[in-house]
Amino acid sequence: MAKELLKGNIAIAEAALRAGVDAYFGYPITPQTELLEHMSRRMPELGRVFLQAESEIAAINMVYGAACTGAWAMTSSSGPGISLMQEGLSYIALSDVPAVVVDIMRGGPGLGNIQPSQADYNQLTRGGGHGDYRCIVLAPATVQEAIDLTVLAFDLADKYRTVAILAGDGLIGQMMEPAQLPPMRERSRTRPPWALTGARGRPPNSIAAFGLEAETLEAMNWRLQAKLQRIRQTEVRCETWLVDDAEILVVAFGSVGRIAKTAVREARAHGIRVGLIRPITLWPFPYKPIEQAAAHARAVLVVEMNTGQMVDDVRMAVCGQAPVYFHGRPGGSVPVPEEILERIVELSKED
Amino acid sequence: MAKELLKGNIAIAEAALRAGVDAYFGYPITPQTELLEHMSRRMPELGRVFLQAESEIAAINMVYGAACTGAWAMTSSSGPGISLMQEGLSYIALSDVPAVVVDIMRGGPGLGNIQPSQADYNQLTRGGGHGDYRCIVLAPATVQEAIDLTVLAFDLADKYRTVAILAGDGLIGQMMEPAQLPPMRERSRTRPPWALTGARGRPPNSIAAFGLEAETLEAMNWRLQAKLQRIRQTEVRCETWLVDDAEILVVAFGSVGRIAKTAVREARAHGIRVGLIRPITLWPFPYKPIEQAAAHARAVLVVEMNTGQMVDDVRMAVCGQAPVYFHGRPGGSVPVPEEILERIVELSKED
Amino acid sequence: MDEQIAVVNVQEQLVYARPRALTEETTNYCPGCTHGLINKLIAEVIDELGIQENTISVSPVGCSVFFYRYLVLDGVVAPHGRAPAVAIGIKRMLPDRVVITYQGDGDMAAIGMSEVVWAAMRGENITAFFVNNANYGMTGGQMAPTTLAGQVTTTTPEGRDVETMGMPTRMAELIAGLPGSAYVARCSTYDARTIRDARNAIRLALRAQMAEAGFTMVEFLSACPTNWGLSPQGALQWIKDTMVAYYPLGEIKVSEAVQRLKTKR
Amino acid sequence: MDEQIAVVNVQEQLVYARPRALTEETTNYCPGCTHGLINKLIAEVIDELGIQENTISVSPVGCSVFFYRYLVLDGVVAPHGRAPAVAIGIKRMLPDRVVITYQGDGDMAAIGMSEVVWAAMRGENITAFFVNNANYGMTGGQMAPTTLAGQVTTTTPEGRDVETMGMPTRMAELIAGLPGSAYVARCSTYDARTIRDARNAIRLALRAQMAEAGFTMVEFLSACPTNWGLSPQGALQWIKDTMVAYYPLGEIKVSEAVQRLKTKR
Amino acid sequence: MARGRIVINLEACKGCQLCTTVCPSNLIRMANSFNSRGYRPAELVDPQQRCTGCALCAIMCPDAAIEVFREVKVKSQEGSAAEEVVLVVTGPA
Amino acid sequence: MARGRIVINLEACKGCQLCTTVCPSNLIRMANSFNSRGYRPAELVDPQQRCTGCALCAIMCPDAAIEVFREVKVKSQEGSAAEEVVLVVTGPA
Amino acid sequence: MQVSVIIAGFGGQGVLFAGLMLAYAAMDRDLYVTWYPSYGPEMRGGTASATVVIGDEEIGSPVVLHPDAAIALNIPSFRKYEPLVKPGGVLVYNSSLIFEIPERTDIQYVAVPANAIAAEISDTRVANAVTVGALAAVTGMLPVEALIETVDRHIPAPRRATVLPNQEALERGAQLAAELLKQSSPSALPHYER
Amino acid sequence: MQVSVIIAGFGGQGVLFAGLMLAYAAMDRDLYVTWYPSYGPEMRGGTASATVVIGDEEIGSPVVLHPDAAIALNIPSFRKYEPLVKPGGVLVYNSSLIFEIPERTDIQYVAVPANAIAAEISDTRVANAVTVGALAAVTGMLPVEALIETVDRHIPAPRRATVLPNQEALERGAQLAAELLKQSSPSALPHYER
């Protein structure tokens, strides 16, 4: 298929369609609204379910219900809406049903603004609701990657029966880039055996995110943890670039990853030995690759569009092997390559 | 004043009254409901405001409104309810108004159960909503400390104009212990200058958790960060016990802290050199004291009533100086001293 | 006349048995709690309509959190108050299944107000069973939206003051007032007659859903002897004497389509 | 007859000025957006009642997020849909202040349904100004609860299908049906007469609040020329020709207490 | 008058006494013993076989603990009527 | 007929044209120039002084950009009436 | 020095109040004490328990796996706690409802026909106090007089009518235990005689 | 090799579409390109901008602080971007609405009476295309024919009526720039002639 000039939000929506999403439930919020709007047109066209929910809380619970029938269901939102979904996500996570959530992050806290940001790192990667769970979190840096990771999100959600979140920042949602969409998948899925479809000729299925007795719930928790451990072991993804000889290691995700790349390229042109690690899975976090790369680094620079939410993870990965610095722009400001380059040059001069 | 046999929930409610709370808004949820119930009787008695809200979302937003008038307002809940408050908390945090939230934690994720747990560590300490903010989080280990920290929560919330959370686990909420309540404070507070009271003879005040332009919101974010940094520098609290010569360092908070204490005492009786650090402020986290204590430890054991949510913080504090082990009981199970002792003995045998 | 003489035997016949759609498990409900009775009635109607293998339940958070298990149905437990949204997610995927929610008054009328209003507003083809016991049962008897004026609960120690807490919520009337609701009835289970009426209402609501008439709801005035501090019998009496006066029983809304069903049978 | 002859001068008098309670700042509203007009009317009434220093505003999330700044009042911006809850928090602390909320239709009728229903149910003494422009303005014209049947929006490209999305929400009627509401009116601002009626409704709502009559609400049918794809004049015409037919103007509920106020003046 | 009989599932009974209040002939009372869940179950005391199988008790029982049998006159052509109804029995008999 | 005059705040005007549609004498039109926010403001074109100060335009203006003055006959006892109303003027004149 | 007691039974049997009697008595004697309730998944009814830990130093864990003593008011509680009581500990049980055969030899069993005795006094609602009285007497952990005093001091106004029956029940339980003690040796649990 | 352009103006001036013309033309020539929109706090109206980065290698940052070229369609945009354009870069501006006096000497100014020209063609709505045509011609970054082709290829069915006016506007802008170029030297920006 040929490349098209695609806006991130539309590309994600279209990728979800092609991956095989059965149902979309959502509520408007900038900067993701085009995704909702695209779905409102395309889902009915394809004979699938689209419903504009009355709120984000309703949306995530509709997703929960649809997912319980074995369908591939999704929603999309941005920071404030994701906050409202936390209880629902916590239920879904313990229920072992698959769901995909797209978060096109904007400035926070509070109402914040509609400019690009990465202010949701903590609430996405720490299992922002109550209880011991995590969601898979995928962070694309280009429109093409947004497409690819959307498809992956469905496959991972399905494989592990869990929540997979596509964490785009406002840049990814709003920008256009030539990209190639995958072909429309054949949808011949059969309902999984655990799905709620009416107990026809079999004992009833039930889905319940609780265990009133401590022993029951403890066992459910350890089972969930075992699954999360499997995901940690198999699903870590990141891009490493020029790290082999890097004395300075830049760590940045999402569109900051690509912006940092420009800075790294220019720094290399200045003769500075600098490399880049771009986590693609924010959870599970690429601790190992960063630990290894940090082993021979003199300094690690984390760059984010927030006040340093990923720094904890990087510090844990680096584990004291090198000092960890931070450069960040919260509240909707986007760092430009120049300022990152400046920090790199600064660090290269320290000894 | 003499000691009384007090249930944690009641003690916290009564301490809030004596600290000077002006308004309480809440919604029932086990295991904190006695707190709400106590307030329903006592607040009207004292001529203060009590309102049973229709939901946790309404409750936190009523707290927001009341706090905007310069009042001391509070709510209380447990895991699922706290999840629903995340958007509101994020707004309050950026608004620079004081608020106190009590979370009596229960088993999670999802509906979980009503047994004691520490399943909300992440959502409380990571600024569970969207954006770059943190709340002060205080974790009592005894009913007496619950009283003292409740008073402190109000004072800190007021001092820093921020959210202070009292994070009790279900044990603290449900158990009774003799404890002493503070005397009723004189309440002669004047409305602070920023409060919304009607713009009488002054320009209007406004409170808004947003900045539509990136520059504005970025500046607001850095201002908030500066405040958080001040809190980090001045408000760290923890209990250290027998750590000076400890080869094994146990880190546990809340009621697990006291349970671990019994185990440590017994281990000492067995001649094992073990000490305990009990974080009292979960945020800001006592990184320094743990780092120092870990400097001469052979092993660090984190014990929690969850699957290890505090471990990240401890690992960052220990920073590779010693291996960090974890013993946890999620889902409402409570670790008993025997099992902790067992782990300590195990670790003491490894070399 | 026919010469044949019929041999007439006296046989013992089972005239009332536990419905098949009701599990054999003993419930967690308190003695005399009419949640049990309502569960049983729903099971009876499901048996009668033969839709057990075609029905999916959505349970609330509250004393009836195990509804999904007491009824022999595929089912899920929704977060507190969100049963309608979860049910909508299910129904939109499987429009030919019967989807039912079961919610307490705290669950539906307090935290879940938005979800149920929206289900009714959109005329979602689901059936809500709404159990109004005038308090929050599971959490120990706090004021619910439906708590009567002056009623003492653990959070209204002086009785519900309608000046500060508002008048009790008449959910059936509220839902009936919305455009998408097709059938709304208020029932109780305090005697054989009200039980029969309740069973009829349940049946009609489910038939209406099967006929895609829109949102249907049956409200039940239900006893919570434990938190009311009354004996089971006293609790039923209180419903009859006190609750019914504020919450009148009967059909509150019958859309034309449902009216046709009714006459058709 | 009196012998004195009055000296009659012709003087120029300012007969219409920008209200004092309205900031001098230019708003962010689009050209022809009647949010501006409604803001102005509210400011005029606040001037008239002399309550500027006694009034606290709660703004929504939506095009009118800056309402707190356009009106020269103490004010706060509530999270999306939660203005009533925030206003209740304020009012319960300061019962002698006038507390007003200003909400769009997405804000109040969709995500904020529960909060506003509950404010009305409890008869909270606050006044809600509800701006019904039949779509989500700020986010670019998606379907709102109030979007008319068949109306094309960015999320109803084929027009709102009431089969799947339900009938448009008549908030004024819904709120009027709840026990705690004292005064509910629906107005518009498409001509001098409707503007006058709107001003009267605003005045009565605020006076009712000051008399502690209960929850009051004024709904405005408001133009969103930008997202409707109409000229400002065309947009007003559409309100008059199309919206009013589904959303009748007038007073929907006047409690006895408010009726007394009305006659008293 | 029809003759009937009820079977109370002692383990399912929670001792709420509602059945006792509706029996028109006052034939149900509470046992003196406890079941394994700590409740005092109801029991039929009907020495004179006055139970008509009216089923009011069963209808009223919130715990579906009562089954009701009634004697009916059937034309025994195939003798199958009784068998048929037996199929309805799914609870613990 | 009363005589009137309107003052349009050119920077506040957003060029929505609503005032032009309500003026009974059709005295308002849109300027050819732009204001600093990029809008073409309204202007009063009233060479014959036909404006009656009816204020319909101002009432209609969503941006409170119009002030209306009207000539009135006053008994000049203290000559204060005009002064009083001046106090009402708070917007940019 | 610490002693831990778990009291367990059906929801309605006054398990929590039984624990409170011990807790208040301990507090009145300036001892450290914790009281911790636990409910089963039943809404009401079902099985409940209260754990009371009393000591003369700060109490670590308010929950215990192996209590020094247990009171079982119904069969499920007997079955659950019989194996858990610490060797050398005491198991007081309500022999009006529990007909199990004791299996362990390393703990002391105290069979108290609590319902029967309570019925003699007033009604079965004070069966819990009978067992508490027996526990106190058999272990000596707290003087029975202390409990009797405590009941008087801490039962609040609306329930004053229950003071005397509870006191009598404590007394009767203690008497019974004293009888039993004559036949066997006292337990080795800590005594707080102050 | 990359070139970045920021196009800025009032909301209604077709800023985003102007950027799209460049982006599509680049894509059609198999170049890498990113297009990124940005709005001010106004609901509608207010100031908007589009940033287009074109290159023959993977593009890092889709946002730039110092663009190689800028198109200013209104005064606020002129004021904002004049100081930001890279030395050696180009500032095309709509001289129908902008009467500012250029202050820098290290960039090339291209004054285009875009509204006037657009009005000559059809209406002011294609003023944006006039400036894009001028930018293309003056910088040579993309051949004007490529833009003309692109407009034809990518304007979708419901708006086909705008194809011709846009094409004419591009042409007219380019002609004008060619005139201007005769008087000065061409810019030093990258050209993508393929």
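Every chain is named by a letter (A, B, C, D, E, F, G and H) in the order it is written, and numbering of its residues begins at 1.
Quick note on the criterion: a contact is a pair of C-beta atoms (placed from the backbone, for glycine too) under 8 Å apart; a residue touches a chain by one contact, two chains touch by 3 or more.
Small disclaimer: the values here were computed from a predicted structure and weren't measured.
Novice: Which chains does subunit E share as contact partners with subunit F?
Specialist: none
Novice: Figure out the least number of contact steps between subunit D and subunit E, where 1 means they touch directly.
Specialist: Graph distance in the chain contact network comes out at 2.
Novice: Between E-G and D-F, which chain pair shares more contacting C-beta pairs?
Specialist: D-F
Novice: Using mean CA coordinates as chain centres, what's the gap between subunit F and subunit G in Å?
Specialist: Averaging C-alpha atoms per chain gives centres 88 Å apart.
Novice: Cα centroid separation between subunit A and subunit F, in whole Å?
Specialist: It comes to 55 Å between the two C-alpha centres.
Novice: Distance-wise, how many Å sit between the C-alpha centres of subunit A and subunit E, to the nearest whole number?
Specialist: Centres of subunit A and subunit E (C-alpha means) sit 60 Å apart.
Novice: In subunit C, what residues contact two or more other chains?
Specialist: Each of 29-31, 33, 65, 77, 79, 111, 113-114, 118, 138, 145, 164-165 in subunit C touches at least two other chains.
Novice: Going by the touch rule set out above, which residues of subunit B reach two or more other chains?
Specialist: Expected reply: 51, 54-55, 57, 80, 87, 91, 95, 110-111, 113-115, 208-210, 212-213, 334.
Novice: Residues touching two or more other chains, restricted to subunit G: which are they?
Specialist: Residues 41, 45-46 of subunit G touch two or more partner chains.
Novice: If we count contacts the way the header does, which residues on subunit C are in touch with subunit E in the complex?
Specialist: 6-20, 22, 24, 26-27, 29-37, 40, 191-192, 195, 225, 231-233, 236
Novice: Which positions of subunit C touch subunit A when the two form their complex?
Specialist: Counting only subunit C, the residues touching subunit A are 52-56, 58-59, 65, 68-69, 72-79, 82, 85-94, 97, 114-115, 118.
Novice: Inside the complex, what are the residues of subunit D that reach subunit A?
Specialist: Residues in contact with subunit A: 61, 65, 77, 79-81, 106, 110-111, 113, 136, 138-140, 142-143, 145, 154-158, 164-165.
Novice: Which positions of subunit A touch subunit H when the two form their complex?
Specialist: 3, 5, 113-115, 171, 174-178, 255, 258-263, 265, 334, 336-338
Novice: Of all residues in subunit B, which touch subunit A in the complex?
Specialist: Going through subunit B, the ones touching subunit A are 57, 78-80, 82-84, 86-87, 90-91, 93-95, 105, 107-115, 119-120, 122-123, 126-133, 208-222, 224-225, 306-309, 312, 315-316, 319-320, 329-334.
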